Each structure stands twice: as structure tokens, then as C-alpha cells.
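One structure below.
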Amino acid sequence: MAAPINVALIGYAFMGKAHSNAYRQVTPFMSPRREPRMKVLCGRTQSRVQAAARQYGWEEAATDWREVVARKDIDLVDIATPGDLHAEIAIEAARHGKAVLCEKPLANSVAEAQAMVDAVDAAGVVHMICHNYRRIPAVVLARQLIEAGRIGTIRHFRGTYLQDWIAHPDFPLVWRLDKAQAGSGALGDIGAHVVDLARYLVGEINEVSGHLETFVKERPLPDGKPGRGTVTVDDASMALVRFENGAIGTIEATRMAPGRKNANRFEINGSTGSIAFDLERLNELEVYLEAEDAAVRGFHRVLATEPQHPFVKSWWPPGHIIGYEHTFVHTIYDLLEAIADKRVPSPNFHDGLRNQQVLAAIENSSTTRQWVSV
Amino acid sequence: MAAPINVALIGYAFMGKAHSNAYRQVTPFMSPRREPRMKVLCGRTQSRVQAAARQYGWEEAATDWREVVARKDIDLVDIATPGDLHAEIAIEAARHGKAVLCEKPLANSVAEAQAMVDAVDAAGVVHMICHNYRRIPAVVLARQLIEAGRIGTIRHFRGTYLQDWIAHPDFPLVWRLDKAQAGSGALGDIGAHVVDLARYLVGEINEVSGHLETFVKERPLPDGKPGRGTVTVDDASMALVRFENGAIGTIEATRMAPGRKNANRFEINGSTGSIAFDLERLNELEVYLEAEDAAVRGFHRVLATEPQHPFVKSWWPPGHIIGYEHTFVHTIYDLLEAIADKRVPSPNFHDGLRNQQVLAAIENSSTTRQWVSV
Amino acid sequence: MAAPINVALIGYAFMGKAHSNAYRQVTPFMSPRREPRMKVLCGRTQSRVQAAARQYGWEEAATDWREVVARKDIDLVDIATPGDLHAEIAIEAARHGKAVLCEKPLANSVAEAQAMVDAVDAAGVVHMICHNYRRIPAVVLARQLIEAGRIGTIRHFRGTYLQDWIAHPDFPLVWRLDKAQAGSGALGDIGAHVVDLARYLVGEINEVSGHLETFVKERPLPDGKPGRGTVTVDDASMALVRFENGAIGTIEATRMAPGRKNANRFEINGSTGSIAFDLERLNELEVYLEAEDAAVRGFHRVLATEPQHPFVKSWWPPGHIIGYEHTFVHTIYDLLEAIADKRVPSPNFHDGLRNQQVLAAIENSSTTRQWVSV
Amino acid sequence: MAAPINVALIGYAFMGKAHSNAYRQVTPFMSPRREPRMKVLCGRTQSRVQAAARQYGWEEAATDWREVVARKDIDLVDIATPGDLHAEIAIEAARHGKAVLCEKPLANSVAEAQAMVDAVDAAGVVHMICHNYRRIPAVVLARQLIEAGRIGTIRHFRGTYLQDWIAHPDFPLVWRLDKAQAGSGALGDIGAHVVDLARYLVGEINEVSGHLETFVKERPLPDGKPGRGTVTVDDASMALVRFENGAIGTIEATRMAPGRKNANRFEINGSTGSIAFDLERLNELEVYLEAEDAAVRGFHRVLATEPQHPFVKSWWPPGHIIGYEHTFVHTIYDLLEAIADKRVPSPNFHDGLRNQQVLAAIENSSTTRQWVSV
């Protein structure tokens, strides 16, 4: 049995819960060559991090991330904090020679992201950014079809990520609506996923025209505090984009679309076929192929739960669907295998930086009212 | 220009409106070799039949169907009355050597249906039953795929026709709920369509186990008359069926399925593929083919609006959908062509008789609580 | 019986067929107060216009539109030619005091469109632009819901019109790909519909950032002529838009989306609900309402075939769907009623001009690479 | 911290994997009052059960189930073996005073099922049958809506469970196709789920007319053995059913429906609404309510991922879907809570017996060709 990979996870909120689950599930379902050992969970509040560690199955709880990333017995530092802490932790972890996994968006600014890339490159450590949607079986299938030329030359990308949780003007001013902590709003939080998928599936974006909008400019303070505060991030963003390979596209992210709970959707049109996806039905991929005989040509609803589909054979028989958190298990599996091989997996900090540059260009374009090169 | 075919239509209610439209539209869109001439519309009430004739474009109105079917200048008698008049009119029309089109179900009993078959056979006239759903492009496509062996040996048929217009117990006791006029309820009205499609797509049914149910046994009298009357037909029917070719199936018809407005649906499973259809989306056919490559195999949504799909090139470019009444235009076109060729088209009175026998077997089985041979 | 409205239709291709059908169907189904009389069909080629007139039911055929629009016995001139003739014919018809219906886009330039508006205003005639999708029952329902405040303040519009008929690079260089005749490509042909629906449903657009793309720059000459020619219009266009009322949106049109045959789709998000539509399923509207109880809240699939839905009671019972051409029947009905009332219906030439200004702004922005005011 | 519940799981194949996962996940996600302790996994083959125990996180492996169920330190015996062992193990476990969870179908015969019920009743132990689909959030929501009277009096149930894994005649003769081990084929394996859901959602079934079919009567022997053997179970079954409360229904199960991977579907029509479900999209429920206002009435697609939906708040934010195995986590949670409370949860062995009686009646009716009372 190969030595386990000792993990320290920083952050125990939504993403901390999802990452913890991935470490717990990856061995029983996917049998990585080097298994993860859930060593230490780190967070700010002693009592809460202890409770979380116990609940999620971590051996220890800690409150000082600097101590944790310096520990000799830690191999992998997993950063699941708000964006304003990403750079500092990642750079310190790299300095200590740790493999680093970081939640998206990589940082709250391009400068920070660049510093992180420099740090992991200099340290020569394994690094990865957690864009878990790259490891949905249906999404990997989309990429395989594109790479195999099944839809020809790509011409159009149409990506939206629609949610509705702040549609009501009385939804409070939580940290995700504060630029200092979150960096940006819908754009960085969910638009980042669309940008990443666009790059994964189509190619590099080199020019954008963007617009950011804050529909509700003031909101009640959170946690029952009296009064209202100013929203400092975008509620919604939209952009036209041009890809290096000649394709064109639209990218949109909003938290103001009632009824769309998690509608990370894309459609890609190539010269000989099309592909469409919706995260709310993540086990399915819609595929249209010009090459098929005309009488029965039409969009297929591919239920990507067959053993030949990516990652699926680790789970259940055909038609037994998987859920949201499985995408993290796949991500962690690929990271563990990369660490075992001492190679940098994809997407990594370089992708995170490039994504950040695209997001910055969209934000910049929204101000200048012109197309901006990335 | 070939001589026109002079038409007399008996009945001007729902079906009369649909048939009138078909005669009006068939020439501009489908150019039959012999065009129909809308000669006379016949109905019981003078003032109303005159108004309808004017509205729908008939040259004359008449109230005595016996006179009409005896007219020298009539080539085709089209029967769109309630079922209790079908036999008498059809037999008389055949006796006068007219081509006859009859609405479904062919008659209110097997004996009547048999007499109608005998009459048209003896007279040697062209005859057809109006099962218009056999001429939906997507349905004809289904048949073509089956005949080409694309889904292999058929094993399962699953047919339902669901409506909801009498779900409320205060819906009044209209003529369709009266056995004397309508013959039967959901079974004969809409179940007849499912039986006909089953025979068209799969083959002959030779054994059934059926059940009829009347959930609401009394209803208010119609037209504002005081009091309530007894419902003498079924609200719903269901049956297990076995086909001559070894396939098995379920057939169901109900007017008590809230939200299902016109859900004439079927699914057919063969040894190497499946086909599914829903009348509420009649331009679409779902097709699954085992022969396709595994990565992208899935149900296709075929939008049956391409020029190579049956009947479509008469209408609009791809993606411009057609509606309910177009199925009658296709039916009338095929009838006119058959008359021009002096041949009996399909489905005809023999089909109507066979359908009636299946319906009778279902009703019979519902009483005996046993399987019944057709 | 009121005097009929005598119609002259100029053009007998795709749109000529659709308009002819509308005049033929409007009386039997919708009973306008003043019925249309299909007086004369006008086209360039004598033999073909005669054949078309006979086929579609016009009393006469003619080849000189100037003579036709000057005829005393013509009340309504309906223009269904390519765009380069719209202005000249419409202005002449107005000068002769005729009511004018014009296909979209109103003209090939803003200047032409302005001249047309000036002409009809000066002449005081009834005028209408044929944006038939404004009269789909589901689309009118969408507008009614918005006007009733059911989805609150509108924040997002997301409109695409996707087709695929020129995706193959060997599709020939037909007139629609020639700027001189067609004015523009996907933008003017189908993007015009999206712009019109955006204005109908959301409000005026006052700023745009657009991009036009021609993926296939040369194509084989049409009608079997040897050699290739240059495509002078856009294959695809996309734009970000801002509305006067604060909403934002994306508008896209392409003829290069394999499998999308007629995907005129929109989604609208308001503060308290959302609405979505797809022309390939034009009988349906998806509606989400925050006001509903949480347990069952979700997008409704409204089958807009109930008697209380707009225009439906003229056709068939619930669940019996209508098709593409019905939208023209509704349009002609409303035009005939407006003529009877001597009032200008909506959308009219003012809408056509405004639409044209938006299209021009998108095209302009595509050149300047900046946001452009409309 | 309350004492843990020590679990012994018998069987480590498909169901063993699913149950193991449930014990592993229930604590981190659902915090039962008494946590499960994964004490011992039991199977026939020493090396394989040891590997499985390690992989799935069990403390010990064992090969003699009799020893295991007699152990003092075991509180709960979970039976996930083929059906021919259920009765023996369950009875022995009850005799030793253990709580018992048993996979479905409860047994291979009504007699065995009755003996199991007698045993658990006599021993006074907690018992449960693992019909995990009763704990899909959307399915529980369906039941809540029915209980609240939202769809009125139930009239129709339409349940199918369609799979396709033995559609090809060369699929080998695995144990599930052998009556001695499996008891029955599609009927007992997946039809049992439909029967259970029908009883859960509608009520008791008291009369059936059934038909069983074996389309492929001989198949290659498994594991590469030469020759072919006889299939001794049904490939497909179908039945008409009548419920005690007056509703009627159809129940169908087949493994011969190409493209249907796991189509456990039902539709229920009440007097004032309808509900539909499909396991391949298990996060969704379709709901139609007559009570809604007519303009927007239509089937809702309820994404049952909101905190107010059953079980959901343990998992992820809205729109982040769950998968197949989550249904076992919910089941185990409810079992653990019942054990903590010393009460018998639902569904239990009494349900298993009743389900078995319905299945037996269907099989019986298939032989007698008559309706059979349950």
C-alpha cells in the first residue's frame, strides 16, 4: 500500500463540506493509488471547527492556518476560504513545498493570481484550481466529442449561469455581496465557471465586451443588524467574447433569475454538430450530429451514466444518476493521482490566472464601454 | 385539368369544421390530381347548417342526408355525425355508388360495422375511415422506421390517450356521455385512436384483458336543464393486450387526467430500439437506436419538419411546425388520390371493423373479468 | 354584410404563400367584420405568378406592381417581396391611399424606413409591419403576464434566433446572402424578430454593443452557375443591450447552429418571476412565479391552447395544437379589424423604423467596437 | 453522545456497496442521534469480503452469517443478499433480538415473507424493508401533496419501471434470470418497486389482472461457460390493478426497453390535479393543480432541491442535485432514528409481505388468465 497523502483543509463552510466529502468518498469509490488521509481541518472559530472536524471525519481541528501549512506531516493544502485569503495561504503553502488545491476564483485580482502562479512555479509543487464542473461525466464527454471532431469547427459558445437567491431586494448583505471579501459578485462566483468551461471546451478567449449591473444597490445588513448597507459587487454580468480560434460567444452570470436555481448551461455549435448542457440535469448531455441519417437526426438526450462515460464505472449501473458532490470526488481523484505522479494536473493555477484575466477584462470593458483584449 | 371530386359532408360540428378545412387547404398546399369541390354541407338545423356552409366555404346547405347521398352530382360522402348515424348513412351512400369517408369509431357496435363493410364491399366503392393520426408526419416516420427494421422485433407497446375535460363532477351530461348516441365513452372516442395506432404500428391484437370505469356516475343535465342524469358510458378504460406477432402492450384512455389535454402518447420498444410520441408535441418523435455508437446513444428528439419527412414538403421550411388540423389535410389528400386511382386506401372500413372488434373485446372482458380473444 | 377589403399581394414566394393562406383562413376561423377578398397576386414572372394565383386562390395575377397599387378597387397592399423593394412599393401604395402591410424588416436601411414612415403618416393610411410572432398565443400570454405584473420588474432579456440552413460551407450564395437585396444576413432576417419581441415584451432598447460575423466568406454561386462568390452579409450576430427601463439583455441570431431549425427563443427574468419560450414548441410557455407556494414552485409548462388564451377559441379544443402559419392568420385578422376601425394597429411602421434603428446600431457598434446609442 | 448502533451487513455486491455508503454518509450529512458503527461485513468469499470491507470502511470481515447475527455486539443486521437467503437470515437475526433491515423483495415467496413477519413480530424487534425510492425528496413531496388533498381523490395510477440491460438475446444467464435464486424476474426485481410506490402513494391494491412474458427463452451460460441455458423468470410483466379506494391503475416492469436505463416512472391523476415522476430525473417532480389560475395552469417542473423539501437541507443549496445513493442515506437515517426510538419504521416487513402478495397475485393471474384478488 502506497503512503497516504495527508491533507489539511482550510475552510469548513459550503466548499469545506464538499471537499471533505470528496476525501471521504474517493477511496471507497475510486481507489486512488495513494489514499488521502483527512488529517486536519482548519477554521477561525475553535468550537465550530472542532464540531465540523468531528462531523466530516477529520482527525484534528486547528485555527491557525500558518501553523497548519508549515506542518511536516501535511502533503496537500486545500484552500476553501473566501477569495481574499486565497493568495496568502497558497503562497505560504507553496513556500513550504506543499501540493496546493485552491477554490475558484483563484484570487480577488489578477495581481494576486499572478503572485500565486509565480509561487507554485518557483516552488515546483503540484497545484490545481477546483473547477469541479470540468469533471462532470457529461461535460468531459462534451470535450471528448469536440476533440474527436464530431461537431467540426466550433463557431458559437453560449454560456449562462443563472441563479435566483438574491432576486428579492430584502435578501441581506452577506459576505458574497462585499467586494473586499468576495472580489466580485455573480461574475467571479459563477461567471468564473462559465469562463472556465468556455476555455476548457472551446479555447482561449482573446477579446471581450462586458457589462456589469447591480440592480439592487442597498440591502439590509446581515445577521439581524439594523439598517442597510451598499452592495459593492455586481448582481449580474454579461459579455460578448471572441476566441482565438475564430469562434464567438456570449457569457452571462446572474443571481437574479427567478426559478433558475443552478442553471449553469452552455450550448456549443460547430460546423457539423451541436452540444448542450444544463447543470440542473448534470447527468445528461444533448448532442446533435449532422453526420447522422436525415430521417432520425435530432438532438440526443445522452444519459451519461454508462460505464464507457468518464468516471461513471466507479459509481452505479446505467441510469442510476449521480449528484453535485460527485464532481468534487472526481476532481480530488485526479489531484491525488497527479500528486502520486508528481505532475501538475489541469485545471491549475495557470488556468486560474487566465480565467482571472478574462474576468478582469469583462469588468474593465464594462467601465470603458469598449471591447478589451485579454 | 382532371374533373373535380364533388363532396357532400354530413355534419358541421367539431369534425365538420376539421373536414371542411381539409377540403379547403388540400388544393393550395398539396395539389391533388383531382381537386375536391365543396358541394354541399348537410346538417339537421336549416339556419345553422346554412351559416356553417357559408363560413366554411360550401356551395350549398342541405338538411336531408338521404336526398344528398342520392344526388347524381355527388362523388364522395363524408360522414362526420355522431356514431349512431354512421351505419345508416354509409350503407345508403355505398348503395348509391359513392365513395365514403367515415369518422371513427366506424360504428356503435360490431354488427353495424360489419354491415358497413359488407355494404361497401358489395358496392365496390372507395371507402376510408378517418383515423387522422395515422397521417401525422412523426407517426408515419415511426412506421417507416419500424418497417425498415430500425428498432428490430417489437416487444412492447404502451399507448395512452389522456384528456381531462370531464374531470370535474359538475361537467354536464353531454351527448358523448350517452351510450345511445356515442356508443361508448373514453374507450370508443379516444381509445379507438390508440387501438388504431397500435394496429398501424405493431400489428393485429388477438387477445385482451380490459377494464372500464365510470368514476362519476351522475352529472347535471346539459343546456341548463334542472336535475341530474346517469352517465351510461365509461369515463376511463384500460387493457392489457397481446399481439399476433408476440408483442405485448397496455392501452389506456381516460377523460379524467387533469393537465393532460390531448395526451395521445405511445412508446414502442423493439429488440434494438425504441420510439416514443406525444400528440401534444405532434411535430416531434423520440427515437432510440441501439446501433448508434455508445458514447452518444440516447433518445433523439427528431423534429419531423424536414422535407424528407412524410407530407412536410407541402408546408413550410424546417422548424416551422404544423398543427392538429393538418392531419386531416393529409388524410383527405390520400383519399382524393385513391379515388383518382379507383383503389381503397388505408385505413378503411375493414380497419374500422377490426378496431371495433378490439374495443368490443375490451368491453366484454371488463364484464367477464377474463382475457378475451378478439 | 360589410363591404369586403380588396387585397393585392406583391410577392408569391415563402411569405406570399403564408400571407395567401392567412387571407384564405381568416374568414372561416375568425369571422372578421369586413372579410378580405383575394383580388390580385403580383409577381415578376407571368407564368409563375399565374400558377401561384390559381393555386393560392387569388382572382387575378399581375406583373406590374405600380399598376396594381394604383387600382381603384384595391384597399390593402401587402408587400412580401425581398427587402430592397419594400420602400418603393410602400411609399407608392400610401400615395394612392391604400392600407399597407409590409413584411419585416421594414427596409434595408434606416433612411428607407424613415421615408416609409413619413409616407404613411403623410397619407394617413393604415399601416402595419408583419411581425407575426407577436401574435402567437403563448407570446401574447407572456405579454399579458408581464403587463399584469406577474413577474415584477424586468431585469433580464435573453433572446436567440438559431437556425442551421447555411452551416455547410457549400450551401450556395442565394439572394438572402447578398447585401444589395437582403440588406443584412441573420441580423436583419431573424435578429429583427428578436429585437421586435424584446421591444414588445420588455420595452425600448437604448444602447447596444454588437458583433457581426461571417464565418463562411465565399460560397458556390446559386442555380448551378460555376464558381464561387463573396458572402456580403453576416452569418451570425450577437449583441448586449440595455433597455430604457433598466433591464439588460443579450440578443443573438445565427444561421450556423446545427440542429436548431427555428429556435426563436427568449427568457425573461423579472423580480418575481420568469418566462421562457421556444418557437419550435410555439404552443407552450414556461412560467415561473415566486408568488406560488414554495413546495410546488417550479416552471410551468403552460399549453397555451385553452379557450381563455389569446386567439385560441377560433381554432380547436384544448390540447389540439396550432402551427406556424396560424400566426399570420391572427395578424391579418387584427389588420382587417384595424382597417374596419380606421386605426393603425401594432406593430406598425413606427415599430419597423425603431427595430431598424436598433439593428443599425448593432451593425454600427460591430464596426466601432464600442457601445452605441440607438 | 448516545451509544452507536453496531451494524452487520450481509452481502457486498451492488446493494452492499449502496448500504455501506449510506452508513458512511449518514453521520456527516444527517447527524442521527445514535450514529452507526460499521462493525462487520459478511460475505461468502473470504478474500473478496476482506477487500470489500477495507474498501467500504467496515471494521471487520466475516464469512459465516450465522456467527455474525449471533454476536452480542451487533445491534442491526442488514440483509443485502440475493432473495433466497433473506428469510433464513432475517428470522435468525430476529431470534437473536437484532433490528433487521432487509432488501426488497422481502422474500422469494409469500410463505417465506409471512414467516419473516411472524418472526420479527414475535421477537418484537425493529424491522424495515429497503424500498429506498420511498425516500426520494420528490417522491415524499408527491405523498405530502396527496395527503394534503392537493390533487383531490385519486383515480389513476400509471407506473412503469423500464430497463434495457437484457434486451440483447446474447446477454448471459446471470443469477437474476434464475428463479431458484431470484424468485422472479422483472416483476420481483423492479416491479416490486412500482407496487411499493403504488401502495405508498395511492393505497392498498385489492385486485389484479397480470401477464408475465419471457421473450428470450434461452441465453448463453454466464462466466464464459459453453452452451445455453433456460431463462426461468419473466423478462417483462404487466398488470391492471384496482385499489381499495376506487382508483385504478397499470403496473409494468421490463428489462427489454432499449434506451430506458432506469425509468421508474409514475403518473397519478386525482380529481383536481396530477403528479408525474421519473427516476432518471429523480430531483424533479411534475405537478399539475386545477386550483391554479387558468392562464398559467400547466405542469410544474418542481426541482425538489429546496430546503423545505424532504431531506434536502442535509445536502446542498438549491439546484445542486443529489444522486441515486442518497436515497439509501435517507432510508438508513430513518431506520437509525426508529431504532433510537424503539419503534418500527415504514416500510417494514408488513409492507414487504403485502407487496409480495400483490406480486404473487399478478403471477397467479398470468396463469389463470383471470382477475385475482390480493
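A, B, C and D are the chain letters, set down in written order, and residue numbers restart from 1 in every chain.
The working rule: a residue touches a chain if its C-beta (ideal position, glycine included) is under 8 Å from a C-beta of that chain, and two chains touch if they have at least 3 such contacts.
Since the structure is predicted, the reported quantities are computational estimates derived from the model, not experimental observations.
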Legend entry - Farthest chain relative to chain A (centres taken as mean CA coordinates): B
Legend entry - Result of counting contacting C-beta pairs for B-C and B-D, higher pair: B-D
Inset, instruction - Go ahead and align chain A to its copy chain D using Cα positions, then give the rotation in degrees, nearest 5. - result: 180
Inset, instruction - Return the distance between the CA-based centres of chain B and chain C, expressed in whole Å. - result: 35
Inset, instruction - Express in whole angstrom the distance between the two chain centres, defined as the mean CA positions of chain C and chain D. - result: 54
Legend entry - Whole-Å gap separating chain B and chain D, where each centre is the average of the chain's CA atoms: 41
Legend entry - chain A: positions in contact with at least two other chains: 260, 297-299, 303
Legend entry - Contact footprint of chain D on chain B as seen in their complex: 151, 155-156, 158, 160, 162, 167-169, 209-211, 213, 215, 236, 238-240, 242, 246, 248-250, 252, 254, 256-260, 267, 269-274, 288, 290, 297-299, 369-371
Inset, instruction - Under the touch definition given earlier, write down the residues of chain B that touch chain C in their complex. - result: 14, 18, 20-21, 24-25, 27-28, 31, 55-57, 163, 165, 260-263, 279-283, 303, 305, 315-326
Legend entry - Residues of chain B touching chain A in the complex: 141, 144-145, 150, 287, 289, 292, 294-303, 306, 308-309
